[in-house]
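Order of writing sets the chain letters: A, B, C and D. Residues in each chain are counted from 1.
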Amino acid sequence: MANSKYEYVRNFERDEILLPNTWIVVRIDGRGFHKLSNYYGFTKPNDRRALRLMNRAATHVVGSIPEITIAYGVSDEYSFVLHRGTTLFERRKDKIVTTVVSSFTAAYVLGWNECFLEGKEGDLESTAEGPVKGAPALTMEMLPTFDGRAVCYPSWENLRDYLSWRQVDCHINNLYNTTFWALVQQGGMTHVAAEEHLKGTVSGDKNEILWSRFGINYNNEEEMYKKGSVVFREYALEEEASTRAADDVGEDTDEGTGISGPISKTQAEKIRKARRKAKVVTKHVDIIRDEFWVQRPWLRSGKPGRPVEEHTES
Amino acid sequence: MANSKYEYVRNFERDEILLPNTWIVVRIDGRGFHKLSNYYGFTKPNDRRALRLMNRAATHVVGSIPEITIAYGVSDEYSFVLHRGTTLFERRKDKIVTTVVSSFTAAYVLGWNECFLEGKEGDLESTAEGPVKGAPALTMEMLPTFDGRAVCYPSWENLRDYLSWRQVDCHINNLYNTTFWALVQQGGMTHVAAEEHLKGTVSGDKNEILWSRFGINYNNEEEMYKKGSVVFREYALEEEASTRAADDVGEDTDEGTGISGPISKTQAEKIRKARRKAKVVTKHVDIIRDEFWVQRPWLRSGKPGRPVEEHTES
Amino acid sequence: MANSKYEYVRNFERDEILLPNTWIVVRIDGRGFHKLSNYYGFTKPNDRRALRLMNRAATHVVGSIPEITIAYGVSDEYSFVLHRGTTLFERRKDKIVTTVVSSFTAAYVLGWNECFLEGKEGDLESTAEGPVKGAPALTMEMLPTFDGRAVCYPSWENLRDYLSWRQVDCHINNLYNTTFWALVQQGGMTHVAAEEHLKGTVSGDKNEILWSRFGINYNNEEEMYKKGSVVFREYALEEEASTRAADDVGEDTDEGTGISGPISKTQAEKIRKARRKAKVVTKHVDIIRDEFWVQRPWLRSGKPGRPVEEHTES
Amino acid sequence: MANSKYEYVRNFERDEILLPNTWIVVRIDGRGFHKLSNYYGFTKPNDRRALRLMNRAATHVVGSIPEITIAYGVSDEYSFVLHRGTTLFERRKDKIVTTVVSSFTAAYVLGWNECFLEGKEGDLESTAEGPVKGAPALTMEMLPTFDGRAVCYPSWENLRDYLSWRQVDCHINNLYNTTFWALVQQGGMTHVAAEEHLKGTVSGDKNEILWSRFGINYNNEEEMYKKGSVVFREYALEEEASTRAADDVGEDTDEGTGISGPISKTQAEKIRKARRKAKVVTKHVDIIRDEFWVQRPWLRSGKPGRPVEEHTES
């Protein structure tokens, strides 16, 4: 074929394969969201509509990629966790990362109007601020975009620590931002003055400022703001699940090897389908302590749990 | 800070830096676009609206990332070329690839309605098929998404060969598709029969089938279908530009080294601004032969050319 | 300094950092050892002197790099295992691999004469073949060299499977080679005829050939040939050590995270020194079953064990 | 086969392929050579025997790997350049780097005695210091080893700048060391005092110190010390070779693409053989200016030159 003369250029392509048997975290970050949030008039310190749009986009991504075990989001970032045993796209890094980034972006852009403009109150939960009818429509001049990266974590403890890192960060930033904007919006300070005021303060100081000057009890702030958002497939909770899931013991299972082992292709496809059907939920809960994980062993094992009988969302 | 206990997880992150002084090509591909084009009823073999939407999204990407020298698109794929001297995002691969993918996706999704629904005829140029008013709106069930990858090419000739490879591919595929769909749509063949009919045929055979059976002269097909689309910043054409641009000679310039060398930061920023202001155009022309490149030395040198005096778009 | 004009070339250097908290295996392989073994007249199928030279070189490498937990060798290859928690050379791949390869090569070349020429019988153990006095001295025309690579294994089970893979390979190859050379040396077959004769045979067939035709009971072959060689630091064996070492449990230790955590630098240096002092031994034993590992928990934990009281080498 | 259960561990192996059509530089460095040079009593600031041993090892490596175009050495480091068109080991990085490191190490260890102990005066050229008969033989306690790394350079200018960087470094370090050791050995200063004395001095200052205090004209120092050592295949010099070699022009050759193109396998093997036969020489000359390269166009083109008629070594 005439093309053969040029086809040698394919030899310059490289596929990076993510190390098997490691947890893959794809983290996406909003690009220039500080500027974007000003442009579109996001509410400070937290814009409920914008956060819910993030959560919807994440729910779409989790729902459409069954290999994603759990996702955690805060502010304009989201982390998607793929199970250590996944062979999605043969674990090709670029393919995995760009698929997540593109899916998230598409869902975010398409969902924008619904979250910001149409004001389906019931859907958005009743809230003081509510959907702002006058929010500007998306324009090509200021498109929301996200960059992304993949990181591999070899042990369950590493993965847990990663997610704890993000949730602690959420807490630290939200406490700071809540106090900062109280000083600015209610205290009448300039941005610079508020920043100066908070320099060197610890958590206790900020809680005290909020309470004594503005009557705000930080503990009563919305869970979504304080805890971030956790998106995952929900099954029936288990009361006494062991924290030691199969993948680290390995004596009686092949999971510790990162290969599907005795699981046939038919079984794998069956699991994939079961995951597709499972309900994807969004919670604003602590994921640092063990409780969340003990009750949901399927997050670690990668195997579907028992279907939820009754609706028990928080 | 309390977070320090978990922050070690950052040590698992890796940044791949693309080799300096190489041309970077980011190629994006539509994911599952065969299915998607059926779902949304794209015209076969070419849907003018869909191609123009690709071109608009590419124009947005080129316009918003001045480091992109040229882009070439065909069907549901687009290749973006960053100049060998670029230091965009310190040449971090993930950042570059995901930024292009996310920007393209956002522009594609936001531009969908305009290209498919609103039917701004003048804008779309007059065409037999015209904007189809009844095309379905985008839904979350079938979001257009793109994956992407970056490839480095060390020499100008490698880069040219890459682009030639894509344009030859465009020709081969379009000739095949044009004949295939003529057999199906006008010849009443089933897909299988048409495929069988074309097995083993060479270009001449397909041209003959088109002409003798359907009175179609392939040469008269639209340039956008035959040549694909080239998106770049336009300056005044040069009549006798040398094909040997500075970067391969290197004796009298620092460009052959891939570092900005004597160019100060101020100068670099000035060039960046000049590039931002330049008009981004879309052409459907041959980029395999030298002529295109000889007339546009700025594509190779990375330096802005002379502004276009009069509007000379094709 | 005048050099600054050229120093930009350092920007083209890349350091690949091996993923933290994974077991690192550096495997080296003799280059062209088939030809080399003919050139220097190695005994077939196994040359005791050559294998012992491999083991001495490996012992030197393990002894001089305390971060190596265990090494396993067969034929002209050796695998060196670095503990998952190691930060040797900041886990830079090239540095780790080339240091092992270079150290092994240097020790192999320097040790050649002692193993092949000088005939210290006692040192070499008494053996039928004995040191061949007339073996040619090493020449520049046929230097023994080794290539190498590093592979990361995320779980203990993966590492165990890697080592089992090598030991099973040792068994398969040695049984084949023993039978092949019996057919050639004792049975008077040509190489081609022997190869043809063994085509399609399973283990049982080869054992049968050895026994019925040559009166060889494969089980009585030397352990070094059948099992390969295991090189590691020996401490007092433990009777009932748990197989669940700290790194996979992680609740009560920081080891599961791959960071040194609460271990101070002083402590780390102390451990390093203890490891330097420990006796490095070479055994020819089964490392597929658990027993070997259960008795030597220090291999998994990376912590020094109790010093050996009495000399208990096999 | 029984081994199949474990063979999955091969999936964790990765081969990094060096970008095609780039110059590959493998640089090796002596590990802990400061300590080693004290241990074996190397002459300071330069030990002629040790440098010649480096050169011999390098000559062996260049001679046994025809894909190496040129090598440059200074002190305990050596850089080996593989032609941009090479496909040695399919350009697998680990294989290339470890082969060079292992070959160099083996040749260095095997050559030690000849260079240090045996005192072949004629071979070592007559010199004031001469071979020191009493130099200690190599021992396992202090083995010379080398680490290594590979770097890719996309353009000829980058490669030239890399080599210039090393040669400038040689000059800077040698001038410093010559002055430092003159102050210590002839001036009776302590190491600390000499170091203090040289702090902040420029080249002119050091030349002045050497001349005025010790009567040393730095220009008369040995070329090997001042310029380092260049090892390459020698052919008949060309008087007026063009500096623009084929690989950057590319119009009339396929070399600019990094693929062998029209060169048949037979031809390639023929070239390989011709290179094997060519004489490998060691020079101590300037490689920063163009002259060296203009006279030896084969270094850039990768094609064998005309055989040398008469012996013209410097």
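Note that in this section a residue touches a chain if its C-beta (ideal position, glycine included) is under 8 Å from a C-beta of that chain, and two chains touch if they have at least 3 such contacts.
These numbers come from a predicted model, not from an experiment.
Looking at chain B and chain D, the chains in contact with each of them are A, C. Averaging Cα atoms per chain gives one point for each, and the point farthest from that of chain B is the centre of C.
Here the CA centre of chain A is 44 Å from the CA centre of chain C. The geometric centre of chain A is 32 Å away from that of chain B, both derived from CA atoms. With centres defined as mean CA coordinates, chain D is found 52 Å away from chain A.
Within chain A, residues 8, 12, 14, 19-21, 152-153, 158, 161, 257 each touch two or more of the remaining chains. Of all residues in chain A, only 1-3, 5-10, 12-14, 16, 28, 31, 60, 94-95, 97-99, 101-103, 105-111, 138, 140, 143-153, 158, 161-162, 164-165, 168-169, 172 touch chain B in the complex they form. Residues 19-22, 84, 152-158, 161, 243-244, 247-251, 256-258 of chain C are the ones that touch chain A when the two sit in their complex. Remark: chain B residues 8, 11-12, 14, 17, 19-21, 257, 259 touch chain C in the complex.
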